[in-house]
Amino acid sequence: MMMIKFAIKISGSPYHSQASDTGYHFIAAALRKGYGIYRVFFYGDGIYNALRYASPPTDEREIVKRWSLLAQEFDLDLVVCVSAAQRRGLLGEEENKLLGGRESDLAEGFRISGLGQWVEAMLEADRVLVFSG
Amino acid sequence: MMMIKFAIKISGSPYHSQASDTGYHFIAAALRKGYGIYRVFFYGDGIYNALRYASPPTDEREIVKRWSLLAQEFDLDLVVCVSAAQRRGLLGEEENKLLGGRESDLAEGFRISGLGQWVEAMLEADRVLVFSG
Amino acid sequence: MKKNFLYVIQSTSFDGIRIQEALDEIMTVAAFDQPVSLLFLDEGVYSLKRGQNPEILNLKNVVPIFDALEMYEIKLLYIEDESLKIRGLSTGDLILPVIPVSRSEIGGLLENFDVVLTG
Amino acid sequence: MKKNFLYVIQSTSFDGIRIQEALDEIMTVAAFDQPVSLLFLDEGVYSLKRGQNPEILNLKNVVPIFDALEMYEIKLLYIEDESLKIRGLSTGDLILPVIPVSRSEIGGLLENFDVVLTG
Amino acid sequence: MLHLVQDSPTENNKLVLCIERAVPGQTILLIEEAVYGARCDSSVVAQVMKGIEVLTICALAPDLEARGILTEETLPSIRRISYEEFVDLAANSKHIHTWL
Amino acid sequence: MLHLVQDSPTENNKLVLCIERAVPGQTILLIEEAVYGARCDSSVVAQVMKGIEVLTICALAPDLEARGILTEETLPSIRRISYEEFVDLAANSKHIHTWL
């Protein structure tokens, strides 16, 4: 039997609820068990999970960084919704180029793309799961 | 009788609840009536109200920009809590200098400072009011 | 590839922009030629209430978007009867025709779709 | 200038970092030599429950911060009796000694302070 | 003292709890989703009516209008107030508490 | 079908509503604040017990342990599951819905 693949939407801000934590622990457990994560889509206030310069105190978990590390370890596709991000003020590389080569605010391992990427993930994956605040 | 002065804390993210809207409308009404706003302090997820590059679609209110305009019109003191902002990834001018002169993510009219500024505001103002999501 | 989608709308139009972003997502699913239905329950039933004027608060009115759903071939709108009743509403108070379902049928209804999502 | 502060804690330690940021604020008020009291009610009473292990979820444990409150001269911790009871808890289940107040006394209690805040 | 309630009475019981906690003479202002609690046919109308006997209960008019709640749909003893009146009310209340 | 509930039963009535909406044979997993609903002395224990007659109800163990809810405090018919078991449960459920 082929391993089940999940499409996962995270729509909670990192510090307002447990959504980002639960999503992270679920995804990490799934990957360690060999399940597929077709894509993780950050939508709504979930886009704040991708702010590159998040610098929590040293005695706290690093929410943004652990997403980046997980992406690196498992070649995970982390997609931030472009319209949710623009509305809230998180710009990708292209928009920053238009602003004169400003460095991107997007953390390592994330990419910015449209809602179509989320719909495609839902069509390709076997299971769809939402973590929301 | 001296006009009453308010100290106001906004701790809701701009798009997750009505807190930022209600806070804005309250403060605008107070200023127009001649009341004093000693300081507006953005704490918790409220710091996302100060992301400079927020670019909502043209048919939507501009939450960040209207704070900036209100600050300009009424010489309003908008303070973003430094620890809440660092944890979440919003850097002020000084931290950006350390990163090699990167442009600040902080919108016009806001400044970054510590919780002491909020306590001082509560001590100096006549009324304390919280808008939270 | 075709999947049958159900979006569950559980919040009012004033709970941040949750509904607005849900509608953007729903339109995108429809643009991929996928069949989409909506189920309104709990606070979500208020989002279909007649006479709303979010413009007073400088908020975007989502009613025209709901109106446009039909053009996107989104025709099946379910609503939980008990959610309406406890809020003192009936289907006549709503901007669109809806199919009432009872609370005890919801779990079964959800299983009729391939993907169930939270709006 | 001295004002008498009351912080109302209405959420558990797991509702994002609401409590952690409230405690940072409370410590700052205390550092300005202002008298601070705390009132726990609704879900907030869970934050004082014995035996919590947020470290299992990689979350920071705020219990040591509550323990440290006394050093900051924050000595008056009120708790709403009804909030405890409906959660099946009694003051014996809590990590710190608290002063129980009944629901009908809350409105009067709040007026004993100069500033009342939401944690 | 002014109590602010912002959640819908069908979402959770914050409004009822606020009424139970407020003491005679105090004021409750319904804002945001809580304005649904001003309706004559709300699920908590009995508790609201009981509250009105000893408390002043108002509701923020722009929040009512935005939600399409007409004057004839709300309890007559609940006054609809503007943002400007909200500011005056807050200025005249030594204590203000937001019930999250 | 797998229902996910995340709110505490004393915060709002989402857990009770989920039990009323689920049909026999379906599974409810209590996560985050909802794990308080697994306690023997929770305010909704009657509704939970009734649900267990026709539904499978589980609770996420790390969320229970983080909140200091001991095994002896929870209803014996509610199984405590790990994140790994949560993943398997989700993989084996054609439908999953998160109740906000």
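The letters A, B, C, D, E and F name the chains in turn, as written, and every chain counts its residues from 1.
As a convention for this text, contacts are C-beta pairs under 8 Å (C-beta built on N, C-alpha and C of every residue); 3 or more make two chains touch, one makes a residue touch a chain.
Note that the coordinates shown come from a computational prediction; the quantities given were computed from them, not determined experimentally.
Quick check: superposing chain C onto chain D on C-alpha atoms, how many degrees is the rotation, to the nearest 5?
An angle of 180 degrees brings one copy onto the other.
Between chain B and chain F, tell me the centre distance in angstrom, where each centre is the average of that chain's C-alpha atoms.
Computed value for the inter-centroid distance: 39 Å.
In angstrom, rounded to a whole number, how far apart do the mean CA points of chain E and chain F lie?
From the centre of chain E to the centre of chain F is 34 Å.
Starting from the mean Cα coordinates of chain A and chain F, work out the distance between those two points in Å.
Measuring from centre to centre gives 26 Å for this pair.
Among the residues of chain A, which ones contact at least 2 other chains?
13, 15-18, 25, 44-45, 60, 83, 87, 128, 130, 132-133
Please list all residues of chain D that touch 2 or more other chains.
Chain D, residues with two or more chain partners: 14-18, 42, 57, 59, 116, 118.
Could you check chain F for residues that touch two or more other chains and list them?
11, 32-33, 62, 96, 98, 100
Can you name every pair of chains that touch?
Pairwise, the chains that meet the contact rule are A-B, A-C, A-D, A-F, B-C, B-D, B-E, C-E, C-F, D-E, D-F, E-F.
Applying the document's contact rule, which stretches of chain E touch chain B when the two form their complex?
Touch residues, chain E against chain B: 6, 31-33, 62, 82-84, 86-88, 90-91, 93-94, 96, 98, 100.
In their shared complex, at which residues does chain C touch chain A?
1, 3, 5, 16-18, 21, 24-25, 28-29, 31-32, 34, 115-118
Sort out for me which residues of chain B touch chain A in the complex.
Result: residues 13-16, 44-45, 48, 51-57, 60, 64, 83, 86-91, 95, 99, 102-103, 105, 133 of chain B touch chain A.
Sort out for me which residues of chain B touch chain D in the complex.
Touching chain D from chain B are residues 9, 43-45, 83-84, 87, 114-116, 118-120, 122-124, 128, 130, 132.
Given the complex with chain B, which residues does chain C contribute to the contact?
That would be residues 14-18, 57-60 of chain C.
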